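Consider the two complexes below, in which chain A is the common component and chain B and chain C are the respective partners.
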Partner chain A sequence: MNVLYFLQQLINGLSYGSILALLAIGYTMIYGILGLINFAHGEIFMIGAFCSYLLVSFSGASFWTGLLGAVGGSVLIGLLIEKLVYDPCLKKNPEVLTVFIASFGASLGLRNLFVMIFGDGRRAFPTPEYLEGIIITESGLFLNVKDLLILAVTLILLVVVTLFIKYSRIGTAMRAVAYDPTAAQLVGVNSKTVVLLAFIIGSALAGISAVSYGISFGIVNPSMGYLIGLNGFIAAVLGGIGNVPGAAISGYIIGLGEILFVAFLPPAWSAVRPLFVWALLFIILFIKPSGLFRPNVKIQ
Partner chain B sequence: MNKKTYTLIGSLLCLAILLFLANTFLRGYYLRLVILFAITSIVALGVNVTNGYTNIFSLGFGGTMMVAGYATALMTLPPAYKKAVLHLPLWLEQLQVAFPLALVIAGLLAVVASIILLLPAFRLEGQYFILASMGINIVMGNLAENLRGITHGDMGLRNIPAYTNIWWAYGILLLVIYAIHRLVHSRFGRGLIAISKDQQLASVMGVPVVKYKIISFAIGSFITGIGASLWVHLVLTMNPKAFSLVYVFQVVAMLAIGGIGTLSGPLIGAAILTIGTELLAPVQEGFTFLGCTVPPIFGFVNVFMALLLIVIMIFKPRGLMNGREIGSFICFSKKEGNSNGNSNIKG
Partner chain C sequence: MLKIKNVVAGYGKAEVLHGIELYVDAGEVVALVGPNGAGKTTTIRCVTGQLPIKQGLVTYKEKDISQIPAYQIVNLGICCSPEGRNVFGNLSVYENLKMGGYLIHGKQLYKEQLEWVYSLFPKLWERRDQLAESLSGGEQQMLAIGRAIMSKPSLLLLDEPSLGLAPVVVDQIYEKIEEISHEGASILLVEQNVRLALEISSRAYVMESGQIRLCGKSSELEKDSYIEQTYLGVK
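Let's look at the complex of A and B:
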C-alpha cells in the first residue's frame, strides 16, 4: 500500500467515474424536467455501445466514426422512447407511477430485444491500437492512454454542458422547466422543446459514456447498461435531482469510491462491490434526503 | 342461508371439483402450471396490499421473498444435504420443520426482514422510496450470492422436498383472497385506502398513518413470504436469481395489467402473464411447426411482455379492471365502491 498504488487506483477510479458522471447527467436532466426515472437510460447507453461496436467491427469504420455512430444511435433511441413511450403515457395519464412502470417496461424490452438479436454473450469491443498505449511516468506510474482520453473528453463535455445549462437561453429554459413547469410555460417557455433537448443531450452523453465503457472494459453485451445505469441514477440522486454539476461530481464520487473500495479492502470483499454503492446511497439519503448538492426542483 | 351464500358454496364446490379433475388428469408440466398460477396470484395479491391499497410503491418484495425462500428451504432440506454443501450451525443443520409450520415461519421472517429493511426507507418519499426499495433487491441478491455457507452461492440449493400441491396452493389462495377481502372492508382497510388517496387528510381524520403503513407492509410481506415458500417447494430449487428484479418486474406488470388496488386485478394479471409466458415459451426455446424448424429466440417472452405492458400503460393506465371488480366477487359483496387504481405519487 504505497502512494503509487493509491495514485494508480485513483486514475482507474477517475476513468470509471467519468463514465458514471456522463450517465448521471442524462438521468438528472430527464428526472428534473419530466419528474420520472428514465429506467431505459441504461439501455440507451447499451445501444450506443452496440452502434459503435457494429460500425467498427462490421463496416470497418474508424473509432471516431464509431463514436459518432454511438452518439447518433443513442440520441435516436432516446427520442424514440420519448415519442413512443413517455409522451403518450404522460399525455394520457400524468401519474408518475404509470410512466414509471412503462419505463421499466421499455428498459426490459430493449435489453431483451438485444438479447434476442445478439445473444447474451460478451463481445470484444474494438479498441484502436493507438489507444491501447501505456505511458510510464518517471515515478513508475502506469497511465493508460485511453483513461487519459476518457478523462479529458469527459471533463471538456462536463464544462461545456454546465456552461450551456447555466448561461445559454435554452439552458436557462431547461432549468426553469425543471424548477416549475407551470410557471415556465406561463412565461413562454416551450416545454416540448425543452423535454426533447433534455433527451437529446442526455442520450448523446450516454452514447459517449458507452464508448468510454467499451474501450475501458473492452466488452459490450446487452445487459451492460443495467447495473451501471442504476449506479448512474444513484449518482443523480446523490447530486441533487436536476443539478447537473452535482450529478457529475457525484458520479466521480461513486466511481472513485467503488474502485478504492475494491482496491483497499481484502479481495474477498470485492464480490460485494455492488453493495458499497447502495450502502453509500442509504447513508447519504438518511443524513441528507435531498442529496449532497442542492436539487433544482421545486420542493413540494 | 340466502342466495349469496348458496352462490358462494356453489362456486367453491365447482372450484374443488375442477381442481380435483386437474389433479387427477393433468400431469407434470400442465399441473405445475395450474399450481404456479395460484402461487403467482398469492404473491401478486400480497404485493397489492402495499403497492395497491396503501399505495406505497415498493419494489423491495423480491428481497423479502428471498429471505422467506431461503428460510423455508433451510428448514425443510434433509440434514444430510445441508451437511454436505453448507456450513451451518448445528441446530440449523439438524432442523426439520413440518411444511405448514415452515410456511408460517417463512412468512414471519419475511415480515421481520421487510420491517428491518424498509423501515429506514420510510423516511423517503415517492421515487426516492422506489429507488431505495429496489436497492433492497440488489443488496439481498448480492448477499445471497456471497454468503455461500448459508445459500450455496450461485449454485443454489437443490433437492428441496416437493411439498406444494394443488390443494395447498389453492387453499392458501382462497384464504388470502378472503383475508384481503375482509381486510379491505374493515376499518383498517378503509384507513389504508384513505392513506393512499391523501396521506395528510387521512392523518387529520385520525388515521394513524405510520402504524397503518407498517402493518400493511407486515401483512403484504407475510403473504408474499408464504407465496415464496410455496414457490420454492414447487420449483424445488432456490438460487439468488429466483426473485431478482425481473421477477419483481413481472409481478408489478401483473398488477399494472390487471388493475392495481383491486382484488380481481392481480388475479387477472397473474392469469394473463402466467399463461402468456408459458404459451410463448416454445417460441423462446425453438420449435418445429409444419416441418419448418424455428430457431430459439431467447428473450422473446420478456420483449413481448414489455410491449404489452407499455401498450396497456398507454391505453389503459389503470389496468384492464380499471378499479372495478369482476362478477365472481359479487358473492363477497354487492358493490365495490373502491376505485383505488389511481395512484398519485408525486415526483
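Let's look at the complex of A and C:
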C-alpha cells in the first residue's frame, strides 16, 4: 500500500471526522445536562443544511451568508424543539421512556415534514467555485481546498468550545449542572439558562457541521441527518457522555476509522461501511461501557 | 432574620412537615436536631426554595421568600451545604469554590472570599487542582462548606456536616463552623449528632415526625431529662 494513498485517505477521514466531531458535541452536551438523547439533533443538522441551500440557491446569497443562515436556522429549530418538546415533556413526565419517545417523534416529524415540502430527492448543494479548488503538492498529494477549510474551521471551533467549557464561568456551571443539578441550583445557577445554552451551542455547531457536509458531499436531502446523526451520537457515547473534547476526538476516531476501513477493503465491500461504526461501538461498550474518556456526569 | 411560621410541606400527597415554627436571629447558631426521617432536611429544602410549601410562611429579613426559586436564594444571602456533601465530583477543588462564588459581583470580593476559604481549610489549598471526587469524605465536607461560604452568606444552612465522618474529622469541621460563626454568619445547623449540635449552638429545636417537639436554649436542653434519655443515652 503506498503512503500517498494512505495520506489521501487520511485527509478524507479528517474532513469527515470534523463533520462528526461538531455534531457529536451537541449530543454530548444535551445528554450531559438534561440526561436525554436528542434524536432530533440529526434533523437540526439537516435543517441547517437546508437553510444554507435555500439562501444560496434561491436568494443568491453568498456562501458565507448561507453559513450564517445555517447556524441561525439550526439554533432556532434547536430552541424550538427544547421549548415545544423537551421542556413540556420533562415538566409533566420526566421519565426516561417518555422523553425518549418524544425525542424520536420530533426527529421523525421534522424529517417527514421536510420530505413533504421538498420531496426526498437529493438536491445539489451550492458550493462556490473557489472552494472547489485542488492544491497538488510536490509529492503528488491532492488537497481539496474545502477539506482544508472544514478542518481549519472545525479545529478552531473545537479549541474555542473546549476553552469555553473549561474556563468560563458559565462553562464551569454547565459541567456542574451535568454532575449535580441540585447542588448547582444551591450556588445560584439557573439550570434553564444552562440548558438553553447547551441547545444553542450544540445546534450552532450542527449548523456548521451541516454546511461542511454540504460542500463535502455536494448534496442536501431531508434524510441526510439520519445516519450521520447516529454516528455523531455514537461518537458522543464513545467520548464518555458529557465530555466535550472526548466527543470531538471520538468524532475523529469514527470519521478516520470509517474512511480508512473502506479505503483498505476491496471496492465490493464498500456497502458495509456503516458496519465499522457499529462494530466499534459494540467492542468499546463491551470493554469499556463508560466510553474512551471520562464521562462528565455522575456515575451512579 | 429567618422565620419559619406554621409551615406544612411534603412530597406528593405525603405530608412531612405538619406546621413547623422556627426562627434564627442574626449572629446565632441554631441547631435543628432529631432522628432520621423527622423532616430536618425537608425543612432546609423549604428555606432554600427546593420544595414548595403548602401552608405557612418562610420569611427572611421580613420578606416572604417561599415563592423564590432555589437558584435565586443565594442572592438573598442564604447558602446551603446540602446533606451528603454533593460536591461537584467532576470539577477540581478550585472550580468547586469558583462555583460557590458564582453570583459574586466584583473580583476583589471573590478573591477575598477565596483566600478566606483557603485559609480556613488549608487542605483545600493543597488539593486545589485535584478532582473533588478524589477527596476523602472529610475533605469533601470541608469543600461543601467552603463552597457554601464563598458567596459570603449572612445565613448558612448546614445539613448534617458530621454525616459519615470519623470523630476526629468531625471535631475539626466543628471548629471551623465555630470560626465561620465568629465571622458573623448566622447558622442553622441540622444534625443527628445531638451532643455536638447542642455544644456548638446557642438555641436548638428538637424535631420528631415533622413537628417541633422541644425548643429552647441549648445549655438547658442538654440537661432536659427527655433529651438525655432519648438522644444523649444518659440513664
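Simple rule for what comes next: the second predicted complex is superposed on the first by the 300 of 300 C-alpha atoms of A that agree within 3 Å, B and C clash if a C-alpha of one lies under 4 Å from a C-alpha of the other, contacts with A are read in each partner's own complex, and residues count from 1 in each chain.
We take it that a residue touches a chain if its C-beta (ideal position, glycine included) is under 8 Å from a C-beta of that chain, and two chains touch if they have at least 3 such contacts.
Computed from a prediction, not measured in an experiment: that's the story for all the values here.
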Thinking of the overlay built on chain A, is A:Met174 touched by chain B (first), by chain C (second), by both, or by neither? neither
Using the superposition on chain A described above, determine whether A:Glu95 touches chain B (first), chain C (second), both, or neither. first
Going by the touch definition up top, name the partner, chain B or chain C, that contacts more of chain A. B
Contact-wise, after the overlay, does A:Leu157 reach chain B, chain C, both or neither (first, second, both, neither)? neither
Output check: A:Cys51 vs chain B and chain C. Expected answer is one of first, second, both, neither. What do you get? neither
What is the contact status of A:Pro274 with respect to chain B (first) and chain C (second): first, second, both, or neither? first
Which partner does A:Ala21 reach: the first (chain B), the second (chain C), both, or neither? neither
So, does A:Ile249 touch the first partner chain B, the second partner chain C, both, or neither? neither
Looking at A:Pro289 after the superposition, I want to know if it touches chain B, chain C, both of them or none. Which is it: first, second, both, neither? first
Would you pull the chain A residues touching chain C in the complex into a rising list? 169, 172-173, 175-176, 178-180, 182-191, 294, 296-298
In the complex with chain A, residue positions of chain C that touch it: 48, 50, 69-75, 79-80, 82, 86-91, 95, 98-100, 102-103, 147-148, 150-151
Which part of chain A faces chain B closely enough to touch in the complex? 31, 35-37, 85, 88-89, 92-93, 95-102, 104-106, 108-116, 119-120, 230, 233-234, 237, 271-272, 274-275, 278, 281-282, 285-286, 289, 300
Hey, which residues of chain B end up touching chain A in the complex? 57, 120, 123-124, 126-128, 130-132, 134-135, 138-139, 142-143, 145-146, 246, 249, 252-253, 256, 297-300, 302-303, 305-307, 309-310, 313-315, 317-318, 342-347
